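Next, two complexes with chain A in common: one pairs it with chain B, the other with chain C.
Up next, the complex of A and B:
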């Protein structure tokens, strides 16, 4: 239309009405979306905190569940056992996969591993639960158990640990690897003396996030861990185990206020766990930033 | 009485026989490149490079940006092997041995041919751990006291002992830029290489730190053979014995440094050192 280019530093009032309207609309949409989200989050957190606090008492932490009352000690213990059981399986495998992808990412197997990891992230967790149910609970005859539940959680957290380890290792500067090579270091030395130690805080962050996800999972455990009112006696198979998210899921639908109190207390505990883990992972990340040079 | 420096103690005339047996010029050829071509995939960046580096000399590589100095330097310790698609043709011998011969030991080569990079890159560990890294990687000096001795010897050789001896366990990254670069030199010296390659080792440093690196290079050539890439022609003139001028992947001229800077044999060299291009 016009031949002359508009000056770069046009003042806002120079903007066309249409552009100003779009701008306004865009900002309004963003702000509204943020407010809706923030309001929803706050209301959930406040609701959980308020009702959870109301339901809190020492007995929760020291007693086991009795029907729809009592404490949550069994569930707290179960959540920790299952989450750590899952990590025990997923960390070695996930970190190994991460090292493989980061260091030998050009290799033939790498695209397959990456594809599998991506598919696993997308897998609905209840499908994982059902898969482990068929395989472990039924076919292997393990019944509801710590082993089955841990395997389900391991499958859920494996892709996170794998990809976050890969990123963590990749972010170790090439400069440092070259320096090591130039000093006569071979592949293994570069990986185990340079890449891995420097990536460790970031890998740890990924593991903590996987832990947070595990603590908050319900669906894969419904099919694999079952529920128990009692403390775990240490059997890996054929002994169901309780966990906090089950208490939320099951007790909130009961018609008793006593059960509701348990559900809210469990919700508050899960939230606190996740919060603590998130803060810890932030700290680990900050440590990794401090550790790495120019990265 | 302290013998030594007083003028009275000094002989009046240097005991210089008429035909001074000049210290036999170190002529042993340590590095010999013959017709080296180099490719990044199909892109050729070195064309028939031939040159020699002699024992205990400093050879400076100069030339405009992108002419292949770093590529040539990296081919001397086979760091280029790490770049996908990199390929070398021709012959590169160190101590008479073809370093690209099939089955030749890259790790052993890198132990003999140390490298200092343009951007100092100490490991984010302690000063001591930086110096001992090469020892650990190569399983050298494994007896308890030995590593301590190597740390001191290497830091001294790199002129960092006085500044570093009280902070051996402190993080290397807390050192200044110039100190970090000297630490990188100490780290390379710890495994006692024969040859030290330096790619613009002082280009990121201030003039004082640069001067220290230059002094250091002059000291190091007593024991090592040095190849230094530099963009700083004065630096080349100050420290190197001979200079090779690279231009667009070719060696245009290799000559004793004084001669090259006063009477270059080739017009392109003259144009470059007088700043007419590049």
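Up next, the complex of A and C:
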């Protein structure tokens, strides 16, 4: 709040009753709208935490799923394998795309790439899953597998990583680039010694957000990763793999309490993971803003 | 070197084009078979599983097979409409609260708390709807609404189990509201202070200033984020799958009726469609995906176009 802003509780003098009422109603509506959202968020967090804590026990983290009981070790492992597999594919490509848009973005192709990447963010994730299903699972004969699931997640995270990297690299002051060029540095030297190192924390933030999205996705994995009660044996194709979001979706509709416990625990783990990543990325972004020299 | 980056960037852009083209090719036989009936009929029937495939228009299909998705289009559009109608006003009002009533030092984290709604995974929203929201709505809210608001069209009649159109709309609204809130809040904070101070100096109250001076300046951000939110709601899958009731071949009769959306229908029907030995069911489902893709591309292009127009070097949109 700047010094010029009058205090909210300023006593209006000589205002008509109608104007005063309108003001009161307006601010009340704003407060109520905010409270509705805060209440919904609190209800979700508290609900997930309470049910999840009630269901949580050590065996959940150390045992694999048996039928509709047992533990979630296979799903935890699968979620991590798929998410990192997705990042492994999406990060190099996405950052390269970001470099192109930030460093060579004045060309004719760049607006098209930017536009298509932005539209791709809005593509329903189930559509991506179905695409990878027909292409990889069926046509290439990979069956439900780590490779198919990771590719689906990579396609979903690509536009986020691309656009957030572009933004991160753009924030590096142009003066630094000019200085490097004046000293005789070429394109690559400028990118790898100046732009990327300075933009790294902000690029990392984008990657963290993509990780959070990957961990929380369900629809694109249902028909690409499948589900497995067992630990992953390291095969990239023809071996289905479990993941936490599947456990939430599939086990909550089973009639058994032990199945519900798995779903609640999985929901707690996924939500915690996503929350922690989101907070971490916020902090990383704040840190990167402090680190960057002001242009 | 520049060419290498350009090629990689082109690859990223090509994926979207490839996905749409892929579904067009995959769905082609179904498009020829179904014609416009696909969009105007509300019977989806993959046919008799064990019947001998018959030849129709030169294509093998199961006897009794009929593919019409009117009920999906209606379910998708109505649930999205409810979500947007609720999310835009609530999102804008909450944005005003965050921009004007919270001190700048606290604003980041208070905003972060409500905008975290966007980060909660869809399937967790589904779980929350399934355990908490649906019992609450079905026992307390819907019967009250039917009794007291029943005079309004579509608000009366049987309230059912709680799985349905209004429940889906409510949850979708919560999922898309952060998009509106964060965009409008940023636009409000970025407004030039001089205009506001001038209005206040002329004797306008804080709220009048907001309504007549500050909010009009965010109109484009508001419209852009509302369209973007529409796109998000149209494609939501898991939450809707868990709370919509997954109605088949059924048009909603009131706002409590069970529905199905295109995205959730793909999940619930793909297993069954794969059993069709002629493969036509999978192709018809690909046609559903194609329709969904096209709607999503059009809606998102509109939103992006509008937002670019506002700010040429605009940022990547937050998740």
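Heads up, the rule we're going with is that the second predicted complex is superposed on the first by the 269 of 295 C-alpha atoms of A that agree within 3 Å, B and C clash if a C-alpha of one lies under 4 Å from a C-alpha of the other, contacts with A are read in each partner's own complex, and residues count from 1 in each chain.
Keep in mind that, in the parts below, a residue touches a chain if its C-beta (ideal position, glycine included) is under 8 Å from a C-beta of that chain, and two chains touch if they have at least 3 such contacts.
What you see is a predicted model; the values in this text were computed from it and never measured.
**Q** Go through the superposed model and pick first if A:252 touches only chain B, second if only chain C, both, or neither.
**A** The answer is second: A:252 touches chain C but not chain B.
**Q** Go through the superposed model and pick first if A:237 touches only chain B, second if only chain C, both, or neither.
**A** In the superposition, A:237 touches no partner, neither chain B nor chain C.
**Q** Going by the contact rule set out at the top, does A:183 touch chain B (first), chain C (second), both, or neither?
**A** First partner only.
**Q** Regarding the shared-chain residue A:80, is it in contact with chain B (first), chain C (second), both, or neither?
**A** In the superposition, A:80 touches no partner, neither chain B nor chain C.
**Q** Is A:175 contacted by the first partner chain B, the second partner chain C, both or neither?
**A** A:175: touches chain B, not chain C.
**Q** Which one hits more chain A residues, chain B or chain C?
**A** Counting contacted residues of chain A, the larger count belongs to C.
**Q** Have a look at where A:64 lands relative to chain B and chain C in the superposition and call it first, second, both or neither.
**A** neither
**Q** Which partner does A:15 contact after superposing on A: first (chain B), second (chain C), both, neither?
**A** After superposing on A, A:15 lies in contact with chain C but is clear of chain B.
**Q** Of the partners chain B and chain C, which touch A:193 in the superposed model: first, second, both, neither?
**A** The first partner, chain B, only.
**Q** What residues of chain A sit close enough to touch chain B in their complex?
**A** Interface residues on the chain A side: 106, 173, 175-176, 178-186, 189, 193-194, 198, 291-293.
**Q** If we count contacts the way the header does, which residues on chain B are in touch with chain A in the complex?
**A** So the residues of chain B in touch with chain A come to 77, 79, 82, 84, 107-108, 110-111, 114-115, 117, 119, 121-124, 133-134, 136-138, 173, 184, 187-188, 191.
**Q** So in the complex, which bits of chain C are touching chain A?
**A** Result: residues 1-2, 4-6, 8-13, 15-17, 19, 22-23, 26, 89-91, 93-94, 96-98, 100-101, 103-104, 108, 112-114, 116-117, 119-128, 130-132, 174, 177, 181, 193, 197, 200, 205-208, 210-211, 228, 231-232, 234-238, 241-242, 263-264, 266-267, 270, 282, 285-286, 289, 292-293, 296-297, 299-301, 303-304, 308, 313, 315-319 of chain C touch chain A.
**Q** Taking the touch rule as given, give the residues of chain A at its contact with chain C in the complex, in rising order.
**A** Residues 1-2, 4, 6, 8, 12, 15, 19-20, 22-23, 26-27, 29-34, 36-38, 40-41, 43-44, 47-48, 51, 93-94, 96-97, 99-101, 103-104, 107, 109-110, 112-113, 115-128, 130-131, 133-135, 155, 158-160, 162-164, 166-167, 170, 187-188, 206, 209, 212-213, 215-219, 222-223, 245, 248-249, 252, 263, 267, 270-271, 274-275, 278, 282.
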